[in-house]
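First the structure, which I've put down as C-alpha cells, then a few questions once you've had a look.
Chain nomenclature is as follows: A, B and C, assigned in order of appearance, with residue numbering initiated at 1 for each chain independently.
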Amino acid sequence: MSSQANFTHAEAAEQFIADEPRTDWHDDTLWFVREKRDKAAHSLPEWEQLRQWASDIKYHGLSNMHQLLVDFEKNAIANGIQVHWAVDGKEHNEIIYKIIQDNQVQRIVKSKSMLTEECHLNEFLTEKGVEIVDTDLGERIVQFRKETPSHIVLPAIHLKKQDVSETFHEHLGTEKGNNDPQYLTEAARGHLRDKFIASELAITGVNFAVAETGGFVVCTNEGNADMGAHAAKIHIACMGFEKIIPKAEHLGVFLRLLARSATGQPITTYSSHFSKPRAGQQMHIVIVDNGRSRQLGRESFRNSLKCIRCAACFNTCPVYRRSGGHSYHTAVAGPIGSILNPNLDMQANKDLPFASTLCGSCSNVCPVKINIHEQLYLWRQEITKEGMAAKGKTFAMWGMSEVLAHPAIYRMAGKMGRWVVKHLPFLTNNGMNPWFKQREMPEAPKESFRDWYLNNKQK
Amino acid sequence: MKIGLFIPCYIDQFYPAVGVASLELLEKLGCDVSFPLNQTCCGQPMANSGFEAMSKGCDKNFVNNFKGFDYIVAPSGSCVLHIKEHLHDEDNPKAADEIRSRVYELTEFLVDILKVTSLQASFPFKVGLHTSCHGQRGLHLASMSELVAPAFSKPETLLNMVKGIEVTRPKRVDECCGFGGTFCVFEEAVSVKMGKDRIGEHQDNDVEYITGVDTSCLMHLEGILKRQGSKIKTIHIAEILNSQL
Amino acid sequence: MSARETILAGIMANQPLSQKLPVVRVNEMIQYEDLVSQFKIILEAIGGACLEVKDHEELDTILQELIKEKQVVLNAINPSQTLVRQLQTDSLESLASIDMAIINGSLAVAESGAVWVSEEQMILRILPFITEQLVLVVDRKNMVSNMGQAYQQIDFSEIGFGAFIAGPSKTADIEQSLVIGAHGPKKSMVILVG
C-alpha cells in the first residue's frame, strides 16, 4: 500500500533540523516522555520480568497464530460480533465501505487506529465521497491540516500550540491568537461532542484481541473510542491479526506495560473491554493481514509483529526526536516503523533502516523486547542483497573491502597518504564530503600505530 | 597469557597515540602483548552499511592475524562488538568462534579479566564521560538507563582510580553521540545535531576533556568541537588510564 | 480462496514452531501493604480524587452533598432515589446533559488508580463516558495491588462490556500540555466504602 515518497529520510531530516529551536523543543518534549517512562518502569521491581513474559506470550501467539485466530473468530461470532477478513489494505477499506453502504450511513467517527492509517482508509473514503471525522484530539488537528500523524501515540507532536490555534481558528472559529491548550481542547471537545451525538457509525482500533473470549480491548485517555462506539449504532473495530493474545489474564501483563511504556502513566484512563454488541447494535471486526503473514515467515523479522504500538522506541530514539515523524514518510514512523515498512515495500522504504545509529536504546525500552536495532542491521543486509543500494555506495564499499582484505595493499595505500582518509566514507576531505560540512577532519599523524610499533617495539 | 592487540584501522592511521597508550597500559599491568602486523579492519564499515557479504575478506584476514591468542584486546567497544557478533570464516570456523569468545574491549578486559583495583595514573582535569552505545548496550560495559537493573560502569570504575581526576556525566547519561559509522555522512544533519547536543551537556558541566571507550565517537565530537572553536578536548580513555604527571 | 482462507493458509505456512506459553506468576508482581494509600496517591496523581466513607449511611450523606446544585444526576446505584430529573436514556442529546453519574465499581487497583466497572453497573455503556462528572463507588474490601490480581477476579464469560477507568478523561495532544477533560468526564472521584 505504501507509495514511494519523493524524499529520503535524510533529506527530510535536514529540513526539519534547519529550524533548530523547534528541533530542540521536539527533542526535549519527547525526551521528557522517555523520562516519564523510565520513572514508571523503575516503580516496578518486576519490570524486566514483565517484559520477558510479554515477549514470550507474544511469541507463543505468533507460533500459534492460526489456531488463535480460528478460536477468536469462533468466540467473537458466538458473542454476536461479525468477523471480516482482509488480505490487504484495499480489502480492508472496501469491507468498511460496504458496511457503510449497506447501512446507508453518512456520519462516521473514528478513534485512533494506526492500522487505518496504514491502509489509508481516510483517503479511500474521501474519494468515495464519505466524510470521516477523526476524534482523537491530535488526529483531528492533523486531519484539519490535511497532514498525517507524526507519532503513533502523540499524533500532533510536530506542532506547536500556535499552529493548533491557527488551525482551530480557521476550522472551529476559535479566537485568533488564543494559544491556551485548555481553551483549544475545550473547543475541540464541544465540536466533537456534536459529532459523537450525531454519529451513526464508529470505527476504532484494537489494542488487544483475546482468543479465549472473542473480545477485544481498546485503550484511550480521551474517552473518544468509547464515546464513538457506545453512541453509534454500528461499531467497526479494525485490527492487524498480530493483536491477538491467548487469554484475558494476559492483559494483566500487557496493560501493565503499555501505558507505562507509552507515556509513563500507570494505565490509560480507559481500558475498554468489548465482548458483545449492546442491544440493537451491530459490531464488526475486520482482521487484516496486509503483509503480516509474509513478515511472520521472515525468521529474522517476525518478532517485529510482537509490537503493541506504545511508541517508546520513538521517544527514546535520538534520530526520531531530531528528525520528526514525517521524515519517515510512512504511517508508522520511528525505529519500529523502520523494521515494519521494508516488509510492506522494500524499494519505497529502503532508506529507513539506515535512519539509525544502531545505538540500541529502542530495543531496551521495548516492552515486548523486540530486537529492533538488530533488525535494522539485518534489513540493511537485505536491502543491499536486493541490489537497492546506490551504485556509488556499492562501488566504494567494494573497493574498500578489497583493500581491507589485503594487508599489504592496505599498508601501501596507507603510506601513500593515509588511505583511510580517502576511503573511509566518513573521512574524505573534500568539498563534497558531508563530514566536513560541520566538522573538522582529524589531523593526520606523522606515523601510523603500526609504523610506531615497528620502530619502537619490534626487535 | 598471550594477548593480541587489535588496533582498529582508523586508530592505526589517525590516532596512533591511543594504540600506544593501550599497549603501554597493558604492559604496565604485566601482560604479554603482541601486535599482529597484518591486521587491517574488523569489517564493520561495510557490514553496517548493508555490505556484510563484502566483509568476508576482512574476516578471513582478521582470523589469520588473531587465531591462537588467549585474549584479543582492542581500545574500541564498537569494533569489538562487531567481531563478537559477526566474525565468521568458512575455512576456519573454529578459530573464528574462539576469537569471538576471546575478544575484549580494553576497559572490560582490565575490569573483568585482569581485575584491576588500582592504577598508577594521574590526570588532574575535569573529564566528561561519553558512554558509547556499542560498548554499553552491546558489550554491557555499563548499566543502561532504559533497564531496571543495578547501576555500574566499568570505564567509570577505572577512571575513578586515576589520581586528581574529576569525572562528570552529561544530563542524558547514555544518549548516542550520532556518529553511527556511515550514518555520520549519510545522515549528516541528524548526526551533527546529535553531536552538538552531547557536547552541549558536557559544556554545561564545564569539562576540560570528553573521554570514552570509542575513538570513533570521540573523532566525531572532536570534529564538531574544533569547528566550534571550543577549548574542550577529546581523549581516549586508554590515554587517561596510561597518563602520568 | 476467500480472504479468510488465504490469510489463514499464509499464516499456517509461515508461523514458527509452537513455543509454550510462559507461566505468569502473579505473586511476583508488586504488592502494597497499604492498598488504600497507594490507590489514593496514584489516583490523585492522574487527576482523580478519592474519598473514604465508613458505611452506606455515610455514603448517602456524601452523595447528597455531591449532587447539590447539580441539574442532572444519574445514580446507577440507586436510580429510584436520587435521579434528579427524568432522562430520556434513549436520547444522546439528553444523556449529554448529565452533570454527574454515580456508578458502582467492582474492583479497585492500587497500582494504577483504576476501577473495574462492568456493563450491568453502568446501566448504559456510554454513561461513565458521557457524564460531566463521574463518581465510582467501590467496596473497600474489593481492592487489589496489581492488574495481574485484578484479572484473576473478572469473569469474562459473563461480560458484554466492561472497562477499567482511571481518573478523568485527559489529553496532552497540544504541546504535551496536560488538559483534564477531553471527551469524557472532567472530574472523576472514587469513594471507597467500608
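Convention: a contact is a pair of C-beta atoms (placed from the backbone, for glycine too) under 8 Å apart; a residue touches a chain by one contact, two chains touch by 3 or more.
Quick caveat: nothing in here was measured; it's all calculated off a predicted structure.
Q: Taking CA centroids for every chain, report which one is farthest away from chain B.
A: Farthest by centroid: C.
Q: Work out per-chain C-alpha centres and flag the one nearest the whole-protein C-alpha centre.
A: Taking the mean of all protein C-alpha atoms as reference, the closest chain is A.
Q: Quick check: how many Å separate the C-alpha centres of chain A and chain C?
A: 28
Q: Calculate how many whole Å lie between the centre of chain B and the centre of chain C, each centre taken as the average of the chain's C-alpha atoms.
A: 52
Q: So what's the Cα centroid distance for chain A and chain B, whole Å?
A: Here chain A and chain B have centroids separated by 32 Å.
Q: If you look at chain A, which of its residues touch at least two other chains?
A: Residues 44-45 of chain A each touch two or more of the other chains.
Q: Touching two or more other chains, which residues of chain C qualify?
A: Not one residue in chain C touches at least two other chains.
Q: Show me the residue ranges of chain A that touch chain C in the complex, using the header's touch definition.
A: Answer in residue numbers: 29, 32-33, 44-46, 49-50, 52-53, 56-57, 59-60, 62-66, 69-70, 79, 84-87, 91, 135-138, 141, 154-157, 159-161, 164, 181-182, 184-186, 189, 192-193, 196-197, 210, 212-213, 215, 221-224, 226-227, 230-231, 241, 246, 248-253, 255-256, 263, 265-278, 287, 289, 293-294, 296-297, 299, 302.
Q: Where on chain A is chain B touching in the complex?
A: 9-10, 13-14, 17, 20, 23, 27, 31, 38, 41-42, 44-45, 47-48, 316, 318-319, 322-323, 353-361, 363-365, 377, 380-381, 383-385, 389, 393-394, 397-398, 400-408, 410, 414, 418-421, 424-427, 433-435, 437-445, 447-454, 457
Q: Within the complex, which stretch of chain C touches chain A?
A: Touching chain A from chain C are residues 2-4, 6-8, 10-22, 24, 26, 28-30, 42, 46, 92-93, 96, 109, 111-114, 119, 124-126, 129-130, 146-152, 154, 156-157, 159-177, 179, 181-185.
Q: Would you tell me which residues of chain B are touching chain A in their complex?
A: 7, 9-20, 23, 35, 37-41, 43, 45-58, 60-61, 133-134, 137-138, 144-149, 172, 174-176, 178-195, 197, 219-220, 222-224, 226-227
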